[in-house]
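Below: a set of structures, written as structure tokens.
Look for subunit A in each of the two complexes below; its partner is subunit B in the first and subunit C in the second.
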Partner chain A sequence: MVETGIPKLDDYLNGGIPKGKSLVYYSQPGVEGEIFGLQTVYGTLNNGGTCVFVVSSTMPQIIKDQFKDFGWGINTLKDRLFFVDSYNPLIGAPSDEKYVISKPDNIECFNKTIIDIIKELPPSTIVFGSLSTIMDLCGEKETIEAVRNWNKLAMLHDHVLVYNFTAWPYSEQTLDLIKGNLFNSVITIGGIAERVIFGQYFGILKSDWAEISSKSMLFRVLRPGGIRIFIPKILVTGPFDAGKSTFVHALSTRAISVDRLGTTIAMDHGHIDYKGFSADIFGTPGQERFDPIIKLLSGESMGVFLVVDSTNPSDFVRAKHMLDITKSYGLPYVIVANKQDLPGALKPEEVREQFHLPDDVPVVPVVAKDKKGVYEAFEILIERITGGI
Partner chain B sequence: MTGTLDMIDKLLVDLKNVGGVMACAAASRDGLLIRSLMQKEQYVESLAAMSATMLGAAETATIHAEMGIPTRVIVESDIGKLIVEGAGPKALLILLANKDSGLGLILLELDRSSQKLKEILK
Partner chain C sequence: MSDYTTGIKELDAVIGGIRKGSNIMLIGPPMSGKEIILNHILYHGAILNENAIITVTTREPAKHIIDWFHDNNLELPMERIGIVDCVSKTLGGNASETPNIKIASSPVDLTGIGVKISQFLEEFYMKKNNQNIQLHINSLSTILMYSNIQTVFRFLHVFTGRIKAAGALGIYVIESGMHDEQAIATLKQLFDGMIEIKSENDKNYIRIIGISSKPTPWFEYEIIGNKLQILRGN
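== the complex of A and B ==
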């Protein structure tokens, strides 16, 4: 099994790509699709595997620089990473790489080198930086025939083949084959403009070894960092003094609050970068007189933390009402049973009872003041938002 | 999608080129950043969230005071000015200007930009 290194994708694929399988990252033009192949190179190397990167649309040196931008040190991994250079010959420049495609517009030339690699190297991950570029140079039909053959040989030799492909206006037949039966798995990458959330997403169109989930994930590309699952807004709400601001600060990599005399009068805002997720967190005030502001803050949320003071069950009615004010019905939510350090704090199960909550709503014990339980709460909510399996 | 973002980028570049403008950004009324031209990228997301809250709070206040819907919020400090202006029902523009710049031309250009952003997001 080879990990793609893309957060969440490995979970969806039951751990990664099994030996002998092929996968294509199928991107709409204009989105950052080529990073997926690159991150899979790093994922392989990072787990001790051997990797071959076929560079078609830029110089190998530029790829190495990109690794640096992402903060992925490849110097120490160099002896397990080989480049196939099909770019320098195209522009008539010399190449220092181990493998060179002398005639990049001739599919036979690719065939020879790729087949040699497949036969000679121990089971490896072979990543094509741009299948579309090869297709542009060698022809659609010719390239597809070659790919079909490489995939079969790779299966026999236990390699994993990964292709970046940009869906330029090729013939419908070509695009159908690529989305259809040419590869064992197809990951689609596209852009969306849904109301005002502009973003990029990926989803699994096909995978013949894992049950596919129809969910799509928003992502962002960070430098350094690489691909992160992007959650544009998580709401933190709850009654007065429950510990919402404390919770936002405990969870966030960086956060600010608009507080006066210890109470929030406008909002808390925090950003978190954790385990492959990048999320922005919006905390509301708790006092009723700020309810008009709470309404302003809650639009477009993808999930909610409802923070309560576990020693103060008289506020639970207000807490429920806040789900109403924030129009959070239908969104995934987690109850943060805060202030568990205080004497008399209700246990999570007691909170659930007093709240009359359904069994499937998670109640997480937290001491926000000491950052206890905050990441557990985050992971549970994220799991709900991304429909984890 | 890229088309829309390119248009917003162009609009922001034009706005930033107006004399006295130091930075500008587009955000949603819910406080999510759409695009920005700012020095400190790290804080832009918080600024977007705060600006949406300011404009929203101003709107709530003026409506209750029977003053109608505010066009914009202008905040002045010793160092500069922060202006938040609505751009249709979904979005708003945030602009930072230096202290000595005259507001006349800036507000004129900001109005035009907000009209354009409203159209782009239709």
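== the complex of A and C ==
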């Protein structure tokens, strides 16, 4: 099994890509799809595997620089990374790489080199930086035939083949084949577009070894860092003095509060970057006169933390009301039973009883001031937002 | 008042402006001053109309473009300028990205160029709330040196569509006399109009086709220093 190195994708794929299988990252033009192949190269190397990167639209040196931009040191790994250079010959420049495609517009040249690699190298991950560029230069039909053959041979020799493909408006037949039966797995990478693309997501369209979920994950590309699952906004609400600001600050890698005399009067804002998930956290004030703000904020949120003071059940009515406001927007939520360190704090089960909550709503014991339980609460909420994938 | 103007007042007066979502080819022979004409449109759009401008450069590094304006005492509103530099990486320089400059790895890397254009579109349209955006590609001729016509057509098919969807203005520079007629005819299908330049007897002329009901007259022009000067119409 080869891990893709993409957060959550390996979980979606039951651990990664099995030996002998092929996978295509099928990207809509204008979204950052090419980094998926790059991150898979790094993931393979990092786990001790051997990798071949077929470079078609830029110089191998630029790819090496991109690894640096992402903060992925490959210097110690480079004896297990080989480049197939089909770019320098295209622009008439010399190449220092071990494998060179002397005629990048001739599929037979690709065939010869790729088949040699498949037969000679030990089981490796072979990543094509841009299948669309090969197709542009060598022709759609010719390239598809070659890919079919490579995938078959790779299966016999236990290689994993990974392709980046940009779905330019090729013939429908070509696109159907690529999304259809040419590869064992198809990962679609798309953009959320209104009039311009303002968000990016990926999801599994097809996989013949893992059960497909229809869930898509939003992502951002960080330099350094690579692909990060992205949850645009998470709301933290709850009654006055429940510890919302403390919770936002405990969870966030950076946070700021708008407050007066220690009480939040507008909002807390934080950002978290944890286990491949990236999220903006918005904390609301607790006092009733600020309720319109909760409505405003929760409308654009993807999930809610309801923070309660476990020692103060008299405030639970107020908390329930605040929950009603956010629940009316149908958001997934988690109850944060804060101040568990104080005497008289109700246990999570007691909090659940007081709230008359259904069993499937998580109540997480937390001591926000000591950062205890905050990340557990975050993981649980993310799981609920993404449908437990 | 129309959505976009070229800033060449004699031409604007005839065409009355350019509709949102238009894609225009700027075609002319080498050394006829196309770059200065494009810079004129850029500067006019950015300063007077407060348009955000995305320029894809395949001919010279982004820094040269910014320096050109600076050297000519033309202050660019940088918060509205985005340059996709497809040259610097291939020259082996240490070019790095800035808020105004995004680096694509080569003119072959249409996928990468597309990503950078989309990022600037998002930045201007969504984050800076500026819905009047111009995309300049200078030039398609360089891109056509590396990729075949079908490939470039597919790329343009996607991005002329995005320009339409965003209500922006796209201007695509192409050298006349460098490509076969069929290639030009193929690309023309994607455009709503054309800024056409011709050179005759050491004189340069410009006109716009397809934007108004009939072509504008040919206007003779001269490039004096950094300035485009229209001499007369015929």
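One rule holds in what follows: the second predicted complex is superposed on the first by the 380 of 389 C-alpha atoms of A that agree within 3 Å, B and C clash if a C-alpha of one lies under 4 Å from a C-alpha of the other, contacts with A are read in each partner's own complex, and residues count from 1 in each chain.
Just so it is clear, contacts are C-beta pairs under 8 Å (C-beta built on N, C-alpha and C of every residue); 3 or more make two chains touch, one makes a residue touch a chain.
Note that the structure is predicted; figures quoted are calculated from it, not measured.
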Problem - Partners on subunit A (subunit B, subunit C) - clash or fit - result: clash
Practice task
Considering only touches as defined above, state whether A:323 meets subunit B (first), subunit C (second), both or neither.
Solution key: neither
Exercise for the section: Considering only touches as defined above, state whether A:136 meets subunit B (first), subunit C (second), both or neither. Expected result: second
Handout entry: First (subunit B), second (subunit C), both or neither touched by A:121
Key = neither
Exercise for the section: Could you look at A:297 and tell me whether it touches subunit B, subunit C, both or neither (first, second, both, neither)? Expected result: first
Exercise for the section: For A:210, decide between first (touching subunit B), second (touching subunit C), both and neither. Expected result: neither
Exercise for the section: Could you tell me if A:30 is touching subunit B, subunit C, both of them or neither one (first, second, both, neither)? Expected result: both
Problem - Partner chain in contact with A:170 - subunit B first, subunit C second, else both or neither - result: second
Exercise for the section: Pick one for A:191: touches subunit B only (first), subunit C only (second), both, or neither. Expected result: both
Practice task
Considering only touches as defined above, state whether A:153 meets subunit B (first), subunit C (second), both or neither.
Solution key: neither
Completion exercise
subunit B and subunit C footprints on subunit A meet at residues 30-31, 191, 193, 195-198
Practice task
Report the residues of subunit A in contact with subunit C in the complex, numbered from low to high.
Solution key: 27, 29-34, 56-59, 62, 87, 90-91, 130, 132-133, 136-137, 164, 166, 168-170, 191, 193, 195-198
Handout entry: Of subunit B, residues touching subunit A in the complex
Key = 1-2, 4-5, 28-32, 34-35, 42, 45-46, 49-50, 52-54, 56-57, 60, 90-91, 121
Handout entry: subunit C residues within the subunit A interface of the complex
Key = 89-90, 105-106, 108-112, 114-115, 117-118, 121-122, 125-126, 146-148, 150-151, 154-155, 157-159, 162, 165-167
Handout entry: Residues of subunit A touching subunit B in the complex
Key = 30-31, 191-193, 195-198, 232-233, 254, 256, 258, 266-267, 269, 271, 280, 282, 292-293, 296-300
